[in-house]
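In this document, chain identifiers A, B, C and D correspond to the written order of the chains, with residue numbering beginning at 1 in each.
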Amino acid sequence: MAVRAAVAGASGYAGGEILRLLAAHPEVEVGALTAGSNAGSRLGSLQPHLTPYADRVLEETTPSVLEGHDVVFLALPHGQSGAVAEALDEDVLVVDCGADFRLSDASAWQRFYGTPHAGTWPYGLPELPGARDALRGATRIAVPGCYPTAVSLALAPAYAAGLAEPEAVVVAATGTSGAGKALKPHLLGSEVMGSMSPYGVGGVHRHTPEMVQNLSAAAGGPVSVSFTPTLAPMPRGILATCSAKALPGAGDEPVRAVYEKAYQDEPFVTVLPEGHWPATGAVTGSNNVHLQTAVDADAGRIVVVAAVDNLTKGTAGGAVQSMNIALGLPEALGLPAAGLAP
Amino acid sequence: MAVRAAVAGASGYAGGEILRLLAAHPEVEVGALTAGSNAGSRLGSLQPHLTPYADRVLEETTPSVLEGHDVVFLALPHGQSGAVAEALDEDVLVVDCGADFRLSDASAWQRFYGTPHAGTWPYGLPELPGARDALRGATRIAVPGCYPTAVSLALAPAYAAGLAEPEAVVVAATGTSGAGKALKPHLLGSEVMGSMSPYGVGGVHRHTPEMVQNLSAAAGGPVSVSFTPTLAPMPRGILATCSAKALPGAGDEPVRAVYEKAYQDEPFVTVLPEGHWPATGAVTGSNNVHLQTAVDADAGRIVVVAAVDNLTKGTAGGAVQSMNIALGLPEALGLPAAGLAP
Amino acid sequence: MAVRAAVAGASGYAGGEILRLLAAHPEVEVGALTAGSNAGSRLGSLQPHLTPYADRVLEETTPSVLEGHDVVFLALPHGQSGAVAEALDEDVLVVDCGADFRLSDASAWQRFYGTPHAGTWPYGLPELPGARDALRGATRIAVPGCYPTAVSLALAPAYAAGLAEPEAVVVAATGTSGAGKALKPHLLGSEVMGSMSPYGVGGVHRHTPEMVQNLSAAAGGPVSVSFTPTLAPMPRGILATCSAKALPGAGDEPVRAVYEKAYQDEPFVTVLPEGHWPATGAVTGSNNVHLQTAVDADAGRIVVVAAVDNLTKGTAGGAVQSMNIALGLPEALGLPAAGLAP
Amino acid sequence: MAVRAAVAGASGYAGGEILRLLAAHPEVEVGALTAGSNAGSRLGSLQPHLTPYADRVLEETTPSVLEGHDVVFLALPHGQSGAVAEALDEDVLVVDCGADFRLSDASAWQRFYGTPHAGTWPYGLPELPGARDALRGATRIAVPGCYPTAVSLALAPAYAAGLAEPEAVVVAATGTSGAGKALKPHLLGSEVMGSMSPYGVGGVHRHTPEMVQNLSAAAGGPVSVSFTPTLAPMPRGILATCSAKALPGAGDEPVRAVYEKAYQDEPFVTVLPEGHWPATGAVTGSNNVHLQTAVDADAGRIVVVAAVDNLTKGTAGGAVQSMNIALGLPEALGLPAAGLAP
């Protein structure tokens, strides 16, 4: 195996998913695994599903531990990636699953995160126009947020084709792993099973400016996004229901044609056949995005629904896919092409 | 006990929930229980949770079985209520949980249901303006659909107060009981657990015209509704995320004030304190509606989220509440005031 | 309303369930609500389903707050009930949902809990022989543990009738609320959904000596219990699969007859008809116990399966039922006779 | 790719899981996919997670369709495999996921299945003594049942080492996929979520004689199994709690030592470190078996708990593992070594 990879933040859900994928990647050998407060623990006591690495002991997230790898995946709390990356050689590939380097607008960063802007790295959503080229040979990659992955792929073609008014309304459901392993009462199993609830209502969710950035780029002008995330009683998955007022000419068939063309060569994006709608359960554990479109003539809106696995395509899968591109490997190498269902 | 009640359709989820509520109602005695293809079965073999009635045997849904009761609850497939009701005395209270008598617009009925319009009965959502008065002494009541219950209560105050543009966007999640007991592959537990999916996208869901009717009445003019229902991995509950463009002056505080005033005397509708958002798990099994509002200044939209139990307030609870009003009993009598959580 | 009740520990799951039941109890008025670290909080922020009491503020658990009530329910961590009870008048009814006063064997207490034994109170499982009489007029009641409720009712008749060898094997699944609201990683929704796991294997669970006590009393001699609890991906419910080697003569029909006779007059215990097996979903939120028996001729064992709701019959329902008996109220008053399903 | 594989029964859960695994297998190319009543359908409409094969059309299960492959996987209803296999060349590897060829005792087959015994094939559980050798070069393989996989691996070492009395008690929970895609009311999502229930109680489950066969072989004499399966609210996974009376000398450490030695060289079986217990969520989607042992000194029993994914190691993973052995490929090739969690 040619590629030696370290994972910083290996005790969390994103880090664990990266390891699950790397365990099946034919060209990657897993090196150092690090953690914050969990450093010193046996990985198997925290991530018992990672059987091949169960006896590994988590190390501190320090430059000396991380150096000497070809790739370093960062699955750290927001705000910590910059310092870690700076300490690593420029020719080491650093793939950051955090938010730090996603936004190009420093003021948007400042407003939503409240800290100085760290910078902007090539964006790990190769299906967006121009993004794939920017990833080839890159040594620094910012993996998109899970919601922006789903929403950007759902609406970018409509905006790129001039089909919709620049005011998007998005309501998305996420599995609980999207909230991480934080010990909060509302994330207890007793609380989430059998219950749905919104959070971050009213435009305050930190993924909002990332969606605005991507959709505005597609539209060639400012697009607003009314975004309401909801927490669903399932461990994984994002179902994003996205809509915007249709512009003249945006009927069922033209809309469909635009989407089919936009994604016809993409290995991981499927516009489902007519009459079939995405289900998060069909993409669980895979790097796939399932999409479907409709036009509501009465309400005058284009509706696009996208399903992704928040941890796979929405985080770790997007990270590995971007790594493959950056390193010149086949883009789909080692990534699950089929979902785990039921 | 003064009131003798029959339940037609007692083997389904709506009928079962009516019985659960009646079992705890101090003024109701349960009489005949009927079913379609399940007639002849012991109720306990179909609804094992209804322990007090487990040994009852389901009868055929015929006029002779249903007559001789003070109240007849109909929980039948759409299109069957008219004939049954016609055969019952005019002074018997008939509470229909089906769609047949909800719509006032015959052409909307025809378009969405494809059959001749049966008529229009007093509408069993007493929290809407004027509705409670129409229910007093009524002998025929059309119980609202589960989605329209949540969505109408979520948006009617904004429209009645002239706060929002008449183009509503609604994305709602429902528990699987909303789809009934039909044996369809996508409703199997293996398929729904861990998965979310939309259905009836693009304005084709049959509850759409009912929302349009209620919101247009509140607005005093036509309101369009872009409605996307989604199926969530939980047995019960509706979480409706409703939004519309804010009109000038519709800031956070004015919107909140309108909602608090609209529902200040309602026993079952709570506008939650600021910072708290509805969760379906908090209303499970109760007749409660939990609401919260926000204004997204960037996107220029009012967002209102409502949580109800689709089977309780959304169906059977609304039915019993309406019965109480019609019969002159205390409106909240026998209805669960607290949810079952966790 | 004649009975004024306080609930100590109102922010936890047991305390919340007591309040849910009291909200529907026609003879009880809810007085003080207390908590530990949550004192000072609005109840609605912690228990949003308890809408009728949402605006109540939790007080400290002190004698002065709790005095002046007819009934005080204690839903406190194990070991705290003794001191609280001692400070309350002897004629106040104290119903303890903790373990402190359940065991009669001080050494068993000491071994499993590691603290001095507080004493033994009348045992709140009226369906056990002699237990109901001891509860009439009692002013101190120890509510059974949730597992012992299910297991004792499942096996006591077999032992009382001399049908089984005194070595019981019990494997039981519990919903996550049985573990309380403690913030532990393995109780996060992401961890429990889609997963089952055992805990306390090998006879170390603290409910074991309580089962041994009850079954030995039924058998009139020592009974051992091999008990394995498992955590299931559901919020509520206990399914206890209990077996023991059959003694001569213990065939299907004699066993069934013993159980039907044992529970024929019990309002909350149902031996299901042949061919029907208990499901926890059928007793959710109710005070019911569903039982079924089988004899495995090949393996020579009697198998009895019981389903209860761990929070209702297993805790709060048992507490209210015992209160009713102690106060001379109808035993089933205010208790849900039907489960909440689906 | 050298190996061309057909899957008969590709529209069911077992067939779908085989395809999920084959999609990631580096040496297998997927050929014909067949079905019964679903023949003629697009696979994607029935198994939307199998994105790589979504546009394949299911063919009839006939010899002419299945011939011309190196391997034919049969995922058919019990009783159908014999006729299909007979029509295939003797040197084609036929891997049967059905029950038909698992039992060596014709009378046990007759008693539990009610049809003539088809025969006995090499048994696809290579971790049992002698089984791996019998699979090398085999052209007919009977894949074990999901429950027997978990239970045999849990108890065989204890019996082989003479640690336990020959009367095993097993209570196991399964995810709903174990019941297949049959449209039965009790399998609806509304019914299974939030509920656990037993089935096939009293020794009547068809997997019982298979467990008896395997454990008796390990013990070198007859072992009885009291088996109670339960249905858990999760799509996948088996948690088997297995116990038997300990024979003299069977203390914690000797038992542990026996298990560690038995599985020390097995790629897919892990005896977890002390203090850690198996969780089905940790093996989801993987071919892993997680085990832990305890000795309950008070009750005098050895307790062993095993977790497997019923569809992976319990069916399709076992099938592919056996195929690898039969074909002389590396045993773990293409099989998921890490589980999918959370």
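Keep in mind that, in the parts below, contacts are C-beta pairs under 8 Å (C-beta built on N, C-alpha and C of every residue); 3 or more make two chains touch, one makes a residue touch a chain.
Bear in mind that the values here come from a model prediction, so they are computed numbers and not experimental data.
Q: Using C-alpha centroids, which chain lies at the maximum separation from chain D?
A: B
Q: Per the definition at the top, count C-beta pairs in contact and tell me whether A-B or B-C has more.
A: A-B
Q: What's the distance between the Cα centroids of chain A and chain C, rounded to whole Å?
A: From the centre of chain A to the centre of chain C is 45 Å.
Q: How big is the gap, in whole Å, between where the Cα atoms of chain B centre and where those of chain C centre?
A: 34
Q: Among all residues of chain A, which ones touch two or more of the remaining chains?
A: Residues 13, 175-177, 188, 190-194, 233-236, 279, 281-282, 284, 341-342 of chain A touch two or more partner chains.
Q: Which of the residues in chain D come into contact with chain B in the complex?
A: Answer in residue numbers: 13, 175-177, 179, 181, 183-185, 187-194, 233-235.
Q: In the complex, go through chain C and note every residue touching chain B.
A: Its residues touching chain B are 13, 16, 19-20, 23-24, 26, 42, 44-45, 47-54, 176-177, 193-194, 235-236, 270, 272-273, 276, 279, 281-286, 288, 290, 336-342.
Q: Name, in rising order, each residue of chain A that touches chain B in their complex.
A: The contact residues of chain A facing chain B are 167, 169, 171, 173, 175, 188, 190-199, 201-203, 208, 224-228, 230, 232-237, 239, 241, 243, 245, 277-282, 284, 292, 294-301, 303, 305, 307, 341-342.
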